[in-house]
Amino acid sequence: MKKNRVQIPIGPIHPALKEPIQIEVELKGEHVENVSITLGHVHRGIEWIGLRRNPVQTLALAERVCGICNIVHPLAFCTAIENAANIKVPERAEYLRVIYAELERIHSHLLFLGVAAHELGFDSILHYTWLVREKVLDVIEYLTGNRITKAILMIGGVRRDITEKQMPKVREALEYYEKVYKKLCDVFLDDPTINARTRDIGVLTKKQALQLCAVGPTARASGIKKDIRQDFPYAAYADLDVEAITPDVLLNEIRGDTFDRVVVRVLEIKQSLELIDRCLKEMPDGPILYEPMLQRLLVQLRQVAGEGVALVEAPRGELIHYIRMEKSEAPLAWKIRAPTYANLSSIVPMLEGCELADVPIVVASIDPCIACANRAIIADKNAVLDQEKLHALSVNKTRALLKGGSK
Amino acid sequence: MLSAAKELFKQLFKKPATNPFPTKRVPKNVSELLEKVKRGEAKINRPIETPPRFRGRLIYHEDKCIRCKQCVRICPANALEFDAEHNRIKHYVSRCTFCGLCVDICPVKALEQSDEFLLADYNKDAGFLEAKKEKKKTQ
Amino acid sequence: MGLGAFKRSLWVFHLNTGSCNGCDIEIIAALTPRYDVERFGIKLVGSPRHADVLLITGPVTRMMKDRLLRVYNQTPDPKVVVVVGNCGATGGVFYESYNLEGPVDRLIPVDIYVPGCPPRPEAIIDAIAKAWAKLEAMEAKK
Amino acid sequence: MNAEKFIGNLKKELADLVSDFRVVTTEHGISNRKAYRVWADTSAENFKNVVKKLFKIQPYPHFSVSSGFDAGSTIEILLHFALNYAKPHNLVLFTLRVKLPKENPKMETITDLIPGALIAEKEKREFLGIEIEGLPAGHMFLDESLAGVFPWRRDEKGANKIAKNLHKGEPIEKE
Amino acid sequence: MIELLYLAASSFLLICVALFIALVFNGIERKLIARMQARIGPPIIQPFIDIKKLFMKENIVPDSAIPWLFNSMPAVALASSLIVLLYIPFAGMPALLQNYGDLILVLYVLLLPSLALAIGAFASGSSFAGIGAQREVVLMMSYEFVLSVVAISLAWLFSLCCPQANAFAFSTITSKPAWLLVGGAGFLGLILLFISSLAVMPAKAGKLPADIGEAKTEIAEGVLVEYSGRNLALLYMAQAVRVLAFASLIVALFLPWNLSSLIAIPEQLSMLADFLFFLVKVFMVMFASSIFVSAVTARLKVDQAARFYIIVVFLLSLLGLLLIGIDILM
């Protein structure tokens, strides 16, 4: 329509992105010609702060890497320290960890569905999913004492048990979700407008997903059967034989588009419900902490010299924490890599060629939580990020490095 | 679309899911309303109930405290300070993360968490924890 | 002119200056059916020009400092600034860092603080009630 | 391929490129299933060859991230790879350590092999002041005012001098 | 002279009443949408409160804007939406300005608010607003075709049935319900025309799934982004009146029955009853075409919406025209 290009900065304070991140899309008419991403707006230097505090204090900090996945960050942090210090977590605690983590996944995926609907302008569904989500928040608050920040994990176990008396409420919530799950499927998978707005939009091929190190539902929607819960034993997932969900389970095909990423998340809600149910049934009795005395735990941690690394499947994908202890109060090194950090690069190929109207939903479809990605990374002021990457991609193609990777 | 449309249409005739805290609508005059509530002439709706484990505002039992300062040392947000002048612990509500680590570490249970969470204030230092308060909750 | 209409039609602009999202999702939750602040005429708007209330979360990172000031200036008077969550009020758990310029009240005047990490949605509603009370007090003085 | 066998392979392939090849296992759950973490050291010259070798053993090695810290006289960079993925319970978490001299920390980029490593490499450059050869020159990405500051350094280039205590409203150095 | 004064006074009265009704309907709409979303929702008088508040706020003109254009367009938008109402026969009463314009004119005037909005947005100099304005124009072009087909079909129908009258005049069109003039095929054709007019409503009203010009998540309120205070209040009212005007138009064209002609009502009350009945009809039209639809749909993209109007709805209306043609000619 118009020859000259318009640059529309989306963010850092754009209504579609509740968090500050700057995505600059260059438009030709309504079509996206060029994308560049700027981060760093919410960089708080968490890792650096963590090097000034003892591990138990840092646990509270890890919890505030992100307000949405605040089980998985402490979980990865604890697992890394336990790995460094050779701490064996009691079995009951491992099951409790899984229950809390899966409750969080349900809340996070429902939140995603609401946000996705909102990005499509479908606010009625935003209200519906967030109303449904209140139930799991109630359960989380009931078990941990707060709706959002759970403060439930502790190095060597969990801080609070699920007592027999609390079981009925948890069960009731599971039943409630069994019931609404069908409706959620109807709403998200059969709705013509949602379909029209997400099918074949923002495609990420399997090859691109591999090259850009995509993780979690983003990778699975492109057909990579990666899921840390399935691949790498941690907590009680070692006993649970989780299976990675790809969209072909439901649709018999994989397109790697925005719709597929919605499908994966909808199916994972069901999977989480089943996992919680199993854990409640199979959870063994026993202690929930390796060392119930906080003081003694701290003294012991001060003696640790060594390093540990942990992989955890967060709602948005693989999360990794690395920690190095050197016989002192505070750790020597702490590195967090949250899933959005890994998935962010995937936005660029997804957006190329999209229309402006698709930008919010495509960006939302990796379920970005910039809080985490930013805690350490910084930004590109120019449009370098994508150009470099596209260049790298083309280099890669010629080298034909992919053997098993392509579709 | 049809299933969503049906759900939404049905909802028209159902009761809304909203908890009308503190009043259903903006009160004509808030200060007057609060006065009336005090006198027992009017009632405001309760917020959604907090569960027994809820981690609200801290309560400090000065008489139990042995001044070991463990809580000051563990607090991740630097919200607790030892007030040497008055020989007691001082707590900044507007720094607290409500994590409960201080409660866990206190050897004599001189700290506990109440169910109080309606803490909004015009002054961020208003929340200093000065005197002990009885825990309201029964559980 | 009476502030009555102002009180019953607060339009809100939400700005994240480096929070962990915890407070932000509770703000959105306050809009959803369980809490529904629209019954008070409260509406989340997409442009600071339409706003009467700024809801600020987060400890203000280096990069967001200028934006915070700009948004504050873009908001037409009269306006109310509410800081949601402790990291915006004091820095909270992030109280020592090399990339923070906060807390918010060092940069712009703040009317109401909502302690919590994050506060429950109803604590945010409570803050709104306090805002009404403050507006009434302002009017009474005139 | 199960993890044990995969690790055997890995060890054989990397034998002349790495030193201190360690396998650490932890056990989880009632079934005591093992999780495998492999650690290995290599030199700045060899590290890229190791990464290339990984492509031989694993069709597309998943690069998770690189960590790094100031160890006093050296800067250690750790590259974390998730190998043998998509095989239930048999993922191998491989960490490759490269020690760089503090005076002249320099390493090659791997973005030509793994484009997704871009952000992690930039992060190392910004936070530890490592020169990454072949990584397109970007700007200083931390805010302009932070030029020359590498927050993760423990020496005078670190962030201590600019850090603030928000509760007190003063620089941290004063404490 | 007296005549003219009388006209002016009654126009003024009508405008006030219409403004009031438009805002009440807007309040009801917000309430109903909230209820569908399981919320309590704002009070019905919320629009009045909002507008009163907006008038109290500062009116900011951005530096990049062309001030006179930027400031005048909201008033133009409101005025033009109100004027439309003077042409439309309200509740069986002849329209106040019925001697000064016809259906064609009304359709044109009804375009003005959208145009004013687009011009104001261009004048604000914001790129968000610019994109919003572009979209608004594209959309406008796509649905106007539909409306012209509807107008032509009706006029054709009436020109054959009442050859002596001006077929485009409202007095003709509302003199008897179109439905009574046609046989089976034509009836079907009218239904199609009715449906296509309803389908245009969301776009005309700026409601989902076609609120593309304001798309909050993409372009931050688009055309409205730079407006504040008084200007925003005027635009808000213009929006509400525009919906009312278009809904009244649909009612006038397709649902002209009066309550008093259907059931026996005492003479003194018949005016009032007709008026209320008219409002009910308008509301039903709004509910079916705008309120309910916007609660249960996602936002379409401009090209999707434009394609929908140009292909689906346009064809539907053409088919309606064809059927009516068949009916008349055979």
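Just so it is clear, A, B, C, D and E label the chains in written order, and each chain counts residues from 1 on its own.
What we mean here is this: a contact is a pair of C-beta atoms (placed from the backbone, for glycine too) under 8 Å apart; a residue touches a chain by one contact, two chains touch by 3 or more.
Quick caveat, the model's predicted, so the values are computed rather than measured.
Annotation of chain A and chain E: jointly contacted by B, C, touch as defined at the top.
Hopping across touching chains, the smallest step count from chain A to chain D is 1. Chains A-D form the pair joined by the most contacting C-beta pairs.
Comparing the centres of all chains, each the average of its CA atoms, the largest separation from chain B belongs to E.
Note on chain placement: the centre of chain C and the centre of chain E lie 37 Å apart, centres being C-alpha means.
Chain B and chain D have centres, each the mean of its CA atoms, that are 43 Å apart. Note: centroid distance chain A to chain C, computed from Cα atoms, is 27 Å.
Centroid to centroid, with C-alpha atoms defining each point, chain D and chain E lie 62 Å apart. Contact of a single residue of chain C with at least two other chains is seen at positions 8, 32-34, 36, 39-41, 46-47, 59, 62-63, 90-100, 117, 120. In chain B, the positions touching at least two other chains are 1, 4, 8, 16-18, 20, 24-25, 76-78, 92, 95, 97-99.
Residues of chain E found to touch two or more other chains are 34, 36-41, 43, 216, 220-221, 295-297.
By the touch criterion given at the top, residues 1, 3-4, 7-8, 17, 50-51, 53-55, 70, 74-77, 97-101, 104-105, 113 of chain B touch chain A in their complex.
On the side of chain B, the complex with chain C involves touching residues 16-22, 24-27, 29-31, 34, 47-48, 76-78, 92-99, 117-124, 127. Interface residues of chain A facing chain E in the complex, by the touch rule stated above, are 1-2, 6-8, 14-16, 27, 30, 117-124, 127-128, 131, 191, 193-194, 196-197, 355-360. Chain E makes touch with chain B in their complex at residues 32, 34-41, 43, 292, 295-297. Here chain B touches chain E in the complex through residues 1, 4-5, 8-9, 11-12, 14, 16-18, 20, 24-25, going by the rule given at the top.
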